[in-house]
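In the two complexes below, subunit A is the common chain; its partner is subunit B in one and subunit C in the other.
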Partner chain A sequence: MTEGETVTVKWRKASIRSAKDTAVRIVGYIILFILFAVLAAIFYEIADGALSNITWQILTTSNTFEGTTGGGIYEAIAGTWMLVGTGLLFSVPPGILGSLYVVRAKSSKTLSSLVRLFTDILTSVPSIVIGLFGYLFMVYYLGWGFSLIAGGIALAIMMLPYIFRVAELSMKAIPVEQIHNAYALGADDFQVATRIYIPQALSGVLSGIMLAISIAAGETAQLLYTAGWNAGGLPSGFTNNNLGVGYLTYIVYNGLLQGSAIPNATNLAYIAAFVLIVTILVLVLLSKSMNRIVKKLSQIMRGTR
Partner chain B sequence: MEQLNPFFNLKNFSFKALILIMALVPAFIIASVVTFLLYYSFPSIIYNGLNFFTSKIWNDGSSGVILHNNGISYQSGAVYGIYPLVLGTVLISLIALLIAFPVSFFVTLNVELYMPKKIRGTLISFIELFAGIPSVVYGFWGLLVLIPWLQNTVEPWIGTHFSGIPLIGGVFTSEISGRAYYPGQGLLAGALILSIMIIPIITAVMTNSFETAPKEIKDGIYSLGGTRWEMGKYLLVHHSKAATYGGALLGLGRALGETMAVLMVTSALLLVPSNLFSNVSTVAAYIAAQLDSAFFDQSGMTTAAFAEAALALMGVSLLVNVIGRKIAGRGVLRGYQND
Partner chain C sequence: MEPIIKLEKLEVSSGKKKILDGVNLEIHKNSINTVLGPSGGGKSTLLRTINRLTDLDPAFRISGTISFNGKKVTEYSEVELRRRIGMIFQRPNPFPMPIYDNVAFGMRLQSYVQKKDLDVLVEQSLTDAGLWEEVKGELKRDAITLSGGQQQRMCIARALILRPDVIMMDEPTSSLDPTAKSRIEDLMLDLKEKYTVILVTHDIAQAKKVSDYTSLIYNGKIVASGEGGEFLEDSASDSLKSFLGEVSV
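For the complex of A and B:
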């Protein structure tokens, strides 16, 4: 209801009105219950399928979907982290430095709002479009082949806006007076950035990075045609990694398509999905509690605890 | 706050240049993706024209028989039309929104009106859990649980009780003779999975906006003897109208571009859907499913056609998302709340 607007309300009988209230409440409870039942069903299905088969051996064995036993998911776990790490390499610098530009008082306001608009746009590029672009441009046009770098950059395109946004938000939360004072004392932009923005916004920056990792670890469509798939070994360099790089989401995607020809394929998909979900939940929790963690750590480091 | 150092500060100058360049990276990425896809899809845009969006047939042509015309090469008899995919994408996304929107609305309203403050935060972070599950896991669950349920329970039940009703009931067979019908893997399966995925986005936008409702009016309504529902109806819904539409658009934008979950629960077939259970596919899912086979076309026209489809998908998705974000505000990222 905006200011100055009047809403005419005709009060009906109290019993009818409270009955309506109760009806809405009950409908809400039922929908909430169904929603959480679905969430529980998803978690239960994955956990049930995974926990009955998960062994240390499967997590540390190579050659997914191969051999007489169906292999393990070692390459996929390591490969996921290598791809995410490569993605961080390409998304953290533009994410943090870009947000430093946007929050800097003397930056052009028009350009800053354009930068914000473009990062917003970046979050809404469909993942398969990034995948197709990576395939046509990096894998074929630049001749990198299915590789760590092609998959990593495809992930970085998706991670960058999250790192940027969360960093920007937490830098904006720093009291303006503090920054004004620093400039008044003769600090230059570099000093303000390294002594005020980054240390003060550290927990926010880290929590954005955690969020970005949790999203990147669960991506598939970008990687299908950029990272390829390889369960025979880990990549030794950035480009032309033979058949590509293994990653967990591929196993989840392909496990049920392997049919009965590959023993254990469905179980591997369950386990990969379980490992993924647990990893992502831990990352999201870390991201949410980063504020507290950083505070604790800095207390310990300063010896004030 | 001018720099007091009278000498040229090289370190600071290079730092400023560096952050400016880094700030331009997102724009550079968008520009290069659009430019490259335009460049790559150019033969297809010339060859297919507007037919691309209206034709129901996608045919790579006879393999190996390459014709050249005005500098464009294509396989003899090649026709590329994404009409069924466009229709499938729009229908799946809209049905998903139709399911997700009322659910999000009632959930948010219920949490906001009837839940004690202590539980509220926990409930909202539980809903945020949905946003963290990767789309491929949703697809996996859809294949394991949802599809068999639709196939063994819902479809036979509809078939026996509602067979005469158009759009819902009907023949659960393939519309094209000689092609098998894949039970369960249809419009409804895709829409259901997508609706679960976009609920956290819409809920997050709505919760954000509900919380900004003026407290004075809230108290005023209660003191006039209004019930909680009346407070929601007269204040919250009114107050959050824009955010509600914006949230719906953001959800729609996510649904349009979603790939893996839809790919896994629908069959990658080019069919014009005739009812709720028809086998369909979406632009994103079809690209993901068929891109590797496109390279058998030596003329490159099939790949160009996929690039054009991706470009169109990107255009529509960006438009919906940018408008949604303009209306809803920027406080929400992919269903996670930011403040």
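For the complex of A and C:
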């Protein structure tokens, strides 16, 4: 621009900006409404089918899928949480240790990229494929049979990437200066992990665990191949649990299949689905109100209390 | 007098970039040793190489010798080295915990000190950092709620509690307002009675105010060194003169 030349600036009109803002807000409300409506419809449908038939007896007796009542869902409720618990046992430690490894500056970049790549691939493997692998390798090759450990590990394979990713993101959010400061104060790798990374990422890690639990509790496909099904009592060990382990999603799946043969089977399916949804809802709400517990846990881990 | 830290032919590179190029430097005991230079000149890397924080990043390649109390820094364990050579960073970075726990952090990492002894050490460190009077009634307060200047003095107390021989300060006042900056500069002058201070800064006025020994670093090389800060104007190279000119204006 030469000296003395003037440029006319055309300012954006405030009215257009405000119209755009309003449009974005309206779209946001519509999306929110659709999400809420879908959730409410699912919950209403399940609750409607379940609440009129749910009894304490159904929740506390064994399932038979025979006769007129089909029994209860006791093993399915307990079995679901035993399977999820076993899944946690095999997914939380590697998930957290893996994320600690990849966020550490000293770690090999190649190995870190490989870990990320494998977890990304795991996220996209269909659950039926995990089930088939579990059946061929754990149930058949290792001879564990339909069992708690085979079902738990099959769930862990699916839970691991969620726990790893959320833990990694939470740890990456910690300012790098804090990490350097801890090292500068003489902390070693273990102390930086236990006093900085894990306490500060704890809230995020727990959210990841809750998410993984919610997803795992609702899985069916891989459990059909690995946990089998059992309504004759709870598993007494990790392997060869007779026919297998009971779980809620099997009741939902088989209850609808048996609907015409056993009059009460459809009701059981609704009740199992209702129990599943309510439990997951409670878990999500719990995870939201866990801040105080997390703060206390963090202080204990840092050794400041 | 024998220097407490001695750097000889120090070269540091990261990838293809050479950050420090044949640096020779002596750090004198109970003095403020200032390394002055423009941003991106290798000042922070110099400090991080001394306490081996550069070891955290495998991309760094280091050659030459750094000795501390007559022994190579690589002969110390990282933990002992960093306990004896404390570091204050550019931006104050309190951990998200109370003031007391922040100051006690390093001591808890490295010792099995009793609570009553820890109370004494925390008080001494906060006193040495000039913060005790301001926070003595509220040690359980979250450190993040302190002002920027107070946070930085708390970080100094956090380093002092480990009884280091040397305190390295990496542009410790660059994010502070003039009053807080001036307090930290006065504190440095007090600290040199007990400790050796290495100050890295691009602030020539600060160097002139506090420095006992000053070295100019430019493009990874020490281009001039001398006592005090007054010699700066006449000894600099042409390119550095332009930097000094810019800063002085």
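Here, the second predicted complex is superposed on the first by the 235 of 305 C-alpha atoms of A that agree within 3 Å, B and C clash if a C-alpha of one lies under 4 Å from a C-alpha of the other, contacts with A are read in each partner's own complex, and residues count from 1 in each chain.
Quick note on the criterion: a contact is a pair of C-beta atoms (placed from the backbone, for glycine too) under 8 Å apart; a residue touches a chain by one contact, two chains touch by 3 or more.
Everything quoted here is computed from the prediction, not taken from an experiment.
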Which superposed partner A:196 touches (first subunit B, second subunit C, both, neither): second
Subunit B versus subunit C as contact partner of A:227, first or second or both or neither: neither
Partner with the higher number of touched subunit A residues, subunit C or subunit B: B
Which superposed partner A:42 touches (first subunit B, second subunit C, both, neither): first
Which superposed partner A:209 touches (first subunit B, second subunit C, both, neither): neither
Which superposed partner A:180 touches (first subunit B, second subunit C, both, neither): both
Contacts of A:105 with subunit B and subunit C, given as first, second, both or neither: both
Partner chain in contact with A:148 - subunit B first, subunit C second, else both or neither: neither
First, second, both or neither for A:188, with subunit B first and subunit C second: both
Shared subunit A contacts, counted only where both subunit B and subunit C touch the same residue: 105-106, 180, 183-184, 186, 188
Residue ranges of subunit A in contact with subunit B within the complex: 1, 7, 9, 11, 17-18, 20-21, 24-25, 27-29, 31-32, 35-36, 38-39, 41-42, 45-46, 49, 93-94, 97-98, 100-102, 104-107, 111-112, 114-133, 135-137, 141, 157, 160-162, 164-166, 169, 180, 183-184, 186, 188-190, 193, 211, 214-215, 217-221, 224-225, 249, 252-253, 255-256, 269, 273, 276-277, 280-281, 284, 288
Touching residues (chain side subunit B, partner subunit A) in the complex: 1, 3-5, 9, 11-12, 15-16, 18-20, 22-27, 29-30, 32-33, 36-37, 40, 103, 106-107, 109-111, 113-114, 123, 125-130, 132-141, 143-145, 196, 199, 217, 225-230, 232, 234-235, 238-239, 253-254, 256-260, 264, 284, 287-288, 291-292, 303, 306-307, 310-311, 313-314, 317-318, 320-322, 325, 330, 333-334, 336, 338-339
Partner subunit C, residues of subunit A touching it in the complex: 105-106, 108, 175, 177-178, 180-188, 191, 195-196, 200, 299, 302-304
Subunit C residues within the subunit A interface of the complex: 51, 53, 55-58, 78-80, 82-83, 86-87, 89, 91, 93, 95-98, 101, 104-106, 108-110, 155, 158-159, 162
